[in-house]
Every structure is written in C-alpha cells, then in structure tokens.
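In what follows, structures are represented as structure tokens.
Next, two complexes with subunit A in common: one pairs it with subunit B, the other with subunit C.
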Partner chain A sequence: MRSKYIDNTVIGLSIAFVVLIFADFFMAEWVRFIGLQSLARGAVALGLLILWRSGLVSFGHALYFGFGAYAAAMMTLIGYRDAFLLVFVGTAVAGILAFLLGFLLRRYRGIFFALLNLAFSMILYGVIVKTEALGSTDGFSVLTPTFLGYAPKGEAVQTTLFLFTLAFTYIITIGAHLYLKTTLGGMSMAVRENEIRVEYLGYSAERIIHVKYVFSGLVAGFGGAIMAMAIGQVDPDSMANWTVSGEFVFITILSGIGNVAATFIGALVFELIRTYAFEYAPQFWQFILGGSLLAIIMFLPEGIWSLVARLRRPQKAPSP
Partner chain B sequence: MTLILEVSDLNKSFGAVIAAQDINVTVHEHEVIGIIGANGAGKTTFINMVTGYLKPTSGQIKFAGRSIVGLKPRDITVLGIARSFQVPQVFASETVFDNLLMVYAIVEESGLGLLAPLYNDQRAERVDAHLIRYKIADYRDANASALPQGIRKLLDIAMAAACKPTLLMLDEPTSGISIDEKFELMDVIMEALRQDKTTVLFIEHDMEIVERYVSRVLAFYQGRIICDAPVAEAMVNPDVREFVIGEEFHRTRTQNDNGAGENNA
Partner chain C sequence: MQQLIVILVDGLVFSSYLFMVAVGLTVIFGVLKILNVAHGAFYAFGAYMSATLIGAYYETDLPEYGGFVAIFAAALIVGVFFGFVLERGLLRFLYHRDEHIVVLATFAMFLVLEDVLLMIWGTDPYFAYQPMALLGSVDIADLTFDVYSLTLIGLAVIVALGLWLGLTQTKWGKLLLAVIYDREISQAMGINVTVVFLATFIIGAIMGALGGAYIAPTISVSPGIGVEVIVLAFAVVVIGGMGSIPGAIIGSLLVGISRAAAVHLFPEIELFVIYAIMAGVLAIRPEGLFAPAQARKI
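Up next is the complex of A and B:
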C-alpha cells in the first residue's frame, strides 16, 4: 500500500477537479448548466450509493433534495442570498430531517425501506403543492446568489456557482470515498451480507444504517440547494415529486456502485441523454431514457463503472 | 475456578409450548461443557436466551456477576459471550480474509476509531495469524460462498472466536460435516480455544465427540435439564440413556478404548 489515504480514486478525482476548474472558464453556457445539474444530482446519487452498498434502495430521496432546495430558496425569500449560507441551510435541514426520520427508517429493509421513503417524500410534495405561500405547483423564483459579498453579474454568476459547487462536491466525494474505506464504511458490506453476524460481533446494524442515512440526507439537501441556485427557481414537480426520486435511482443504476466517482459520470450521462433525447425526439424522450436504462441493466448490470473496472482488472495483480 | 455464568430458574414458553423449564446451570471459567439432547429439547433456545436473542419468560441469567437478561446480543457480545451458528453466518460474497478483517475491525474499534481505515498491515497480520490457527489459511482468498461446508463452519467459529470472548457457545459445530472430518475440525477448534483459555459450551449430537472433548455434560429433554454431570457419569445415567442417547447407542458398553468412558469396564 502506498498510503492509507491517497489512491487512484483520490488522484483521479483531484485531476478531474483541477481540469474542471480551468474548463469552467471556457465552457459554453449550456455545457456548464448541464455540468452543474450533473454535480447536484451526482451528489444525491452519491448518498444513494452509500445506502446501496448496505443493500438499501430509497425511492424517496427527492424528500431531502426538495427539502434542501426549498429551504435554500426560502432563505432568499427572507432576504438572505449568500451561496455559502444557502448551501449550509439546505444541507443542514435535510440532514436534521434525515436524522429524525432515520430512527424509524433504520428498522426497515428492502421494499419497505424504499417505499417508506417514497411515502415521506410524497408528504413533502403534498405539503408544498398545498401551500400557496410557496407558490403551490408553480413554485417561486430564487434570488441570484452572492458569494461572501461578491455579487457576480450575467454569465459570471454561473461560472462562480460552478466553481463553488465543484469545490464542495470535490470535498464531499473525497470524504465519501475515504469514509467507505474506514471500518464504519466497510460495515456496509457486513450489514448487507449478514446483519445477524454484525449484531453478534457486538455492533448495531441499525446504527450503521442510520449514519449512512443521515449522510445520504445531507448530500441530497446539498444537491437540492445547488439545484435551486442553478435553476433560479424551485417548484414541486422538479424538486420533490416521486419522479425526481426515480431519477436518482436511475442515475445510481446507470453509474453502478463500484466507485464514488461513478455517480457523477452517471449523472452527466443521464443529463446528456435527457437533453439530447428532448432536443431530437421531444415526443419520445422518455422512451429513449427508458430504453437506455434497459440497455444498461441488460448489458452493464454493474453500471457504467464496470467499464472502468473492466479496463483495470487485467493489470491488477492478485492480492498478496 | 471462578464462576462466570449463573442461570437460575429460567423458563421460556412460546404460547402453549414450553421450550425451557426451570433451567439452573452454573459455568466456571475454563470449563468445556457439552449440551446434548434430542431435536426440540431446548438446547438452541438455551443458547439463544443466554446470548440475548430470545428474552426468557422468567428467570435470571448472570454473567460475571451482572444480570444480562434483557440485553441485546450486541451488548452481551461486548461483555464477553460470543456464539457460532448451526447454519454458518458469514459474509458470503467476501473472501475468508475479508470476513475476518471485518470481524477484527468491528471488535477492535469503537467510537472515533471506527473512522480509521478498515485495512492496516498490523490488522492484516493478526487476521492471517488467526487463519493459520484455525487452519483455514489455504482458503484465505476464496469466496465464503464457495467454501466446503467444513471450512465454512470453521470460518463461522473463527469469526466468533475472534471476538476474544470469555465464554464461547457453539451451536452444533459438527453438524453437516462428514464423520472423518469431525474430529479434525474439533481438534483445530478446541486446541485454539484452549490456548485462548476460552470457556466453551457446545451443542453436539455425536456422543464420541462429547466424550472426547468435554469435561461436563448438560442433557436436555423437553425443555428441562435431566442431567448435569461429568461426562463419564452422564453417559451411564439411565435418564440420559433413555431420553437422549436412545437404544441404538451401545458404544460405551461394548468398547472403551476411549479414556473418558472407561469407568464401566
């Protein structure tokens, strides 16, 4: 082992981070917008990946995504518009909600866990739709963010927001990667494979799941807050509806759970497929989206990351 | 010898079925105890109650002087009682090494230590030493789901023993193992556990195994303990012979080449 912390994933992520910083200044506006959305959705998928590693799938993470987005957007309603503050609030409230609901959800597995999440997310959706003050189904617009006093204008807003998002996403992703290598992170496997054994080793499987659940809530809230600022608008159908949860699961399947970097590649591929499908086949874009999911499941059951893993495997020496 | 486990007036019923009735047992340090009894006699129920998986209907279980009734299996494991399972409970999709690495990490770390990397070279060395002691080092990189039954059993027991318990309870360690492999397996386990000075309590159907490895026998019948005696005494106990060993077992009468059973020669 070279180092306890630096490995190929950390190096790869760091290179991608630096490259994207420079690319930010040359990107076409629509590319940057797709990039921003990919980072936001990828962050949510990262949370789902962490849950998935312990065998849990959530069909309701639009709950935390929407909660984070609306919390950030509501801050601008009362006059706060600093991006750091908005992201902090969006992430924190989603994390607190995940912590509280976690006490209930950590007792469920499989389909019950998936659908209980869905149920909670639809409660949030219902509340938003019924609340006139939050614009009901139309939502409301979000003020252009400032960055610690710096108030960019025009294209500079998105350029700065992209850098801002990139930096946070980088930190979160490296953190998630290192976390998965810790004992606590590694216990995902143990919980997925055999909870009885985990209990008889003296550790609570439910506590492990709760930690993961809070993490997934935090990053989903983060993704929601970023999305609210990127689009400049929040509305229930693109923030809190069950279809949004479905997109996150879609991205996670597309990416595979082999590596934290995969979720961002998956999110980008998802955005590209959707954008182009909508552009060239406005009547059939959902058909194309569904078709690509089917193709992934049939030909790459372990997701896009299995392509990378396949490239690397032949060079890997058998472990000593 | 120090008293470590004290079970008194333990009862367990599932509706109308009585699974345990007035169980009174004391276990001292370094004892090796065999639990025998027909299927449904309450042997596994007893282990399940001591390890916290089942809550007794009434009665008291004291471990190292403190009551452990109502504690969860994980709390009891931390206090020092570990168990293995009749059907091995392993992390099936992982290698033997990774199974034990996980076990060592969970056992060794707590609090913030859980955020240290799972793998480190010192821990890997300890795991490899453990694999050698349990004679499963040849299967180090094999997937746990692809192991022969005997090796999977050993892995399951090695995982329980890695908790470094004071008291280890083995639920039928030799079930599903061919006759010629049984003694080999038990030799490996008992030798390793003797080195660790672990107190062992195991369920066993094979009387040859019982006679060879245990010092004391608990015979269960219909939820009660009908005999609690040194092994030689238990083997000639009329109740044990009638309700546990049954008519087909004549070995102690006809041959006594085995040290433990020779008092009736």
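Up next is the complex of A and C:
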C-alpha cells in the first residue's frame, strides 16, 4: 500500500484529519478556538519550514499574515462575507505580494534575508497604524462568515469554520509534504548546504527559493485570513507587528523542520503554553513563553519532532 | 525656514537618541556576530533604573546637578549586570549554533526580561522630569527647545568619539579589531577571545542601557518602550552596515532626520519612511552603507 506518494506521514495526517472532523462536534468551545488558532499559525509555520529547509529564516512573515488577514477583513467591509471568497482573496493577495517581493528577496541569504523581510513587514505595520480608515491601532471587526450561502449561527459558526479550515489545511499540508519529496523539493537541503553545487547540477537556486517564498507567502495569507475570521477582529499589533513574526519563527523552532506534521503540533503546543500562561499568570505569560523557547533551544535543538524521531530510531546517535 | 530649523534640531536630537541605542547593537554584532534582540530590554531596564535612581536622588538634599550621576550610574549597573549574566549564562553556549537560532534565543531573553521588568516595577508609568526641568529651555530662532534634549546630541558625539578613540588608539581597541577581523587567528595569536567577547557584550549593554537611562527624563517610562526601540535600532544598524560604527552614525542621521521631516511634513508616513529607507538601502546594498567588504566563502 505504501507507494511513492503514500507514506507514513500522509497516512498519519489523514487519520488525524478524520479524527479531528469527528472531534469537531464534541470539542468544548475553547478547545476548538485553540485548535483553529493552531491551524492558522501552523499553516504559516509550514511556509517557514519550507523556507528553513533551504537555510532561510524570515523575521517578517507577519507581512503576509497581516496582509491576508486585512485583505479578508476588508472584503467584509464592502459586504462580502463568504468564507471561501475571503480565504481566496487573503491567500491570493499575499501570494501576489510574495511573488513580487520574491524577485528582490531571492537574492539574499542569512541574516539579510531575515531583516529585509522584517523591514517589509514593518512597512505594512506602519501603513496600517497610520490608516484611520482601517481603525489605526484598534483595528476593526470582521463580519461572521457564511459558507456558500449557509449562514450558521452561534456555536455552529466556529464548528463550520473549524471544518472548513481543517479541510484546507489538510490539503495544503499534504501538498507541502509531496512537494518536499519531488526533485525540486529535495533540492531544498542542497541549497542550504552548498548553493554553488546546486547551480552546477543545472538548477537555479534563486528559482528554487522563489518558489518556496511564494508558497510561504500563500500559506501565511491563508493563515491570516483564517485568523481574521476565527477572532472576528483584525488589529495591527496581533497581526502585523514584528513580535508576531517572532512567534512564527518560535513555532518553527519548537516544531523542528523534520516533518510537515510537526508544525501543527508545534503550533498547538505554542497555543497551549500561551493560553495557560495567560490564564494562570497573566502578568508573566511572556516570561513563560520566552522561558520555554530558551529551554527548547538549549535542550531540544531539533524541536519536538526530534522526540518522535528518537523514539523511532533509539539506537541511532542524534545528528550532529 | 522655521520649519527647517525645527526639522533639523528635532532630527538631530532623534538621531542622537537612535545612535545611542544602535551603537551598542552594532558593536555587539561586529564582534560577536550576534543580532541581540535583548538590547531592547537593556534599554528599557536602563530607563526604569534611571527613573528610580533619579527619583531616589531628589528625595535627598544633595546638590541638584548630581541627578546626572544617577543616570550614568543606572546605565552602568544595568549594563554590567545584564551584560555579564546574559553572556556568561546564555550566549556562550550558543556561539557555535546557527545565527538565526541565536537571534531567536535573544528574542526569548527579551520576552523574559520584559516580564521581569513588570515584576520589579509594575505597570504604572514612572516620571523623572527633574534633570530636564533643571536645565530649562532655550530659544533658537524664535523657537523654544528644551536644553536637556540638546545635551543628548553632545552625549552622542562624546560616545562616538570615545568609541573611535578607544578602538583605534588603545591596545584594547586593536585587540578588538583583530578579533572582529578573524576570530580564529586572533585566538591562535594568544588573544583571550572569551574575555574580549564578554567585555564587548558588557560595553554594548551599557550603551543600550545608557540610551534608555538618558532618555528617561524626557518620556513617561512605561511598559512596552523596549519593543518600539529595538526595531528602530535594527533599521539604523542595517542601513549603516552591521558592525560598523561610522555606519551607525550615518544610519541614525538618515533615519532621525527623515523621520523628523516626515513628522513635520507628512505625519501619516512617519513609521513607513524609516522602513522604506531600510528596504531601499538593503535592496541596493544588502550589506548596508558602511559594512566592510567580505570575501565569499565557497
């Protein structure tokens, strides 16, 4: 049954998908809300994982997240509220922006890539903060979405949104996983290790990076649009500020870049740490968040996924 | 004409402020090759410590101008303490790790320190206006400026000169330059790189804390001041070229004056303009305006 395309990851993701569909109808409201946020943030982290495979880290993906969120939210301002349309618009505009900026950004590596992304994301932040029509620092609220004419009420809104998000995230994740298995995807690590040799093999490192960058922009826009609908509110500080970008990188580190499924586990762990820290120690939630990040960096350098890998191959020494 | 003077003076004051914060960041990057996000926390701690010490000082009957001693004392205490603790307690374990991981570790440190700040000083704002009130104000071309802000320009010039002299004219500075140039060779030549790293980090931390400590009397010291300043300092450092002190000067002048111009002429693009400059500079010269050329390693 295991062919080139159907491996353990695909099977695992599919099982998780089915289980979550059923779980959706039994989950407590707050659990579902955490789940929704994890899926949205996990999608962004997935894009970062794809970039990180090539040794690139972006400290500015709040740009696409915020752009997607605001684009979706602005659609509701002019009266459109269909979730499919909102997600499509949020994803598409972020993707187009990533495609355009990609021509510039694909030339940069290392810390310059990270900081140039940061600069662009802060431009968006500055524009939003100064635009009174978009509510400046307060943001504005987003209308409850409808789903192809179906207009749920009360708790059904979140239930439907969760299913909706789950389905899309599933497709994206499987897509990303299969992409990484293609030749072009396999070049990711090679770009990180030695770009010049990749060029000798006849591949364009810049084009590989550009494709990845557009993908990461698309999924970040998707995550933003979902987040806007899930919270029902957009504001610059939780959508476009640099600390948001930092949180995405945090999730990527937490998950490790070993497997696409890890990003969602990482996002869930992040959301749980944050929610509980906020619940039980509202004064010190940043302390707890920062502390756990430090602990991960010091003691679990390959992220949560390395725990799984360690279980699977207990006899093998950890990679250097 | 008047507007031009306002823009120029405001711009210079703001540039000096930026320089004070950015120079510590750039020195640390130049030597340790670490982009230190926790620098924002040094700044915030400097500001709080300064506000506290100034407050305590003016409770006593000591001479009024001694309040300035409190500012520098605050910067020293904060810089030496956090510089030492962070470098010895955390960063030295990360020197061999990926540069992004180190940035993220300092980001984590920043989050932690932000809350430590709240634990110590709470959420209420602090005011330490006394040194500013003491110096009063001055009229330039029919416009009133407060003298304290203008002294910031002087302080920035002194710091810049001091660093330049220290780096080029002393034995310590030359050791530092050797380490910047090639860490491994300098280690082989018998330079104690561990000590150089620690000393540099502490000096950088003192600079960051001094920026906060000196600006404290002019602002309301409240939570969140570190978040704003760190990305501004990033922008300055990136524009000038990471690790370059002349770069930090040019970068802060460019950012400071264009921001002042934006504030007075087109207030809606105030934040936008800084990052637009940063993106523009990076697009044309990715290594920044003043960064030394580096050999491409294959």
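Basically, the second predicted complex is superposed on the first by the 312 of 320 C-alpha atoms of A that agree within 3 Å, B and C clash if a C-alpha of one lies under 4 Å from a C-alpha of the other, contacts with A are read in each partner's own complex, and residues count from 1 in each chain.
As a working rule, contacts are C-beta pairs under 8 Å (C-beta built on N, C-alpha and C of every residue); 3 or more make two chains touch, one makes a residue touch a chain.
Since the structure is predicted, the reported quantities are computational estimates derived from the model, not experimental observations.
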Subunit A residues touched - subunit C or subunit B, whichever exceeds: C
Which superposed partner A:Val57 touches (first subunit B, second subunit C, both, neither): second
Partner chain in contact with A:Ile196 - subunit B first, subunit C second, else both or neither: both
Which of subunit B and subunit C A:Leu294 touches, first, second, both or neither: second
Subunit B versus subunit C as contact partner of A:Gly185, first or second or both or neither: first
Contacts on subunit A seen with subunit B and repeated with subunit C across the two complexes: 196
Residue ranges of subunit C in contact with subunit A within the complex: 35, 37, 90, 93-94, 97, 99-101, 103-105, 107-116, 118-119, 227, 231, 234-235, 238, 242, 267-272, 274-276, 278-279, 282-283, 286-287, 298
Complex contact set, residues of subunit A against subunit C: 57, 59, 104, 107-108, 110-112, 114-116, 118-120, 122-123, 125-127, 129-131, 196, 242-243, 246, 249-250, 253, 283-287, 289-291, 293-294, 297-298, 301
Complex contact set, residues of subunit B against subunit A: 51, 72-75, 77-78, 82-83, 85, 89-94, 98, 102-103, 105-107, 109, 113-121, 141, 159-160, 163
Subunit A - residues contacting subunit B, complex: 1, 4-5, 179, 181-187, 189-190, 193-194, 196-204, 318-319
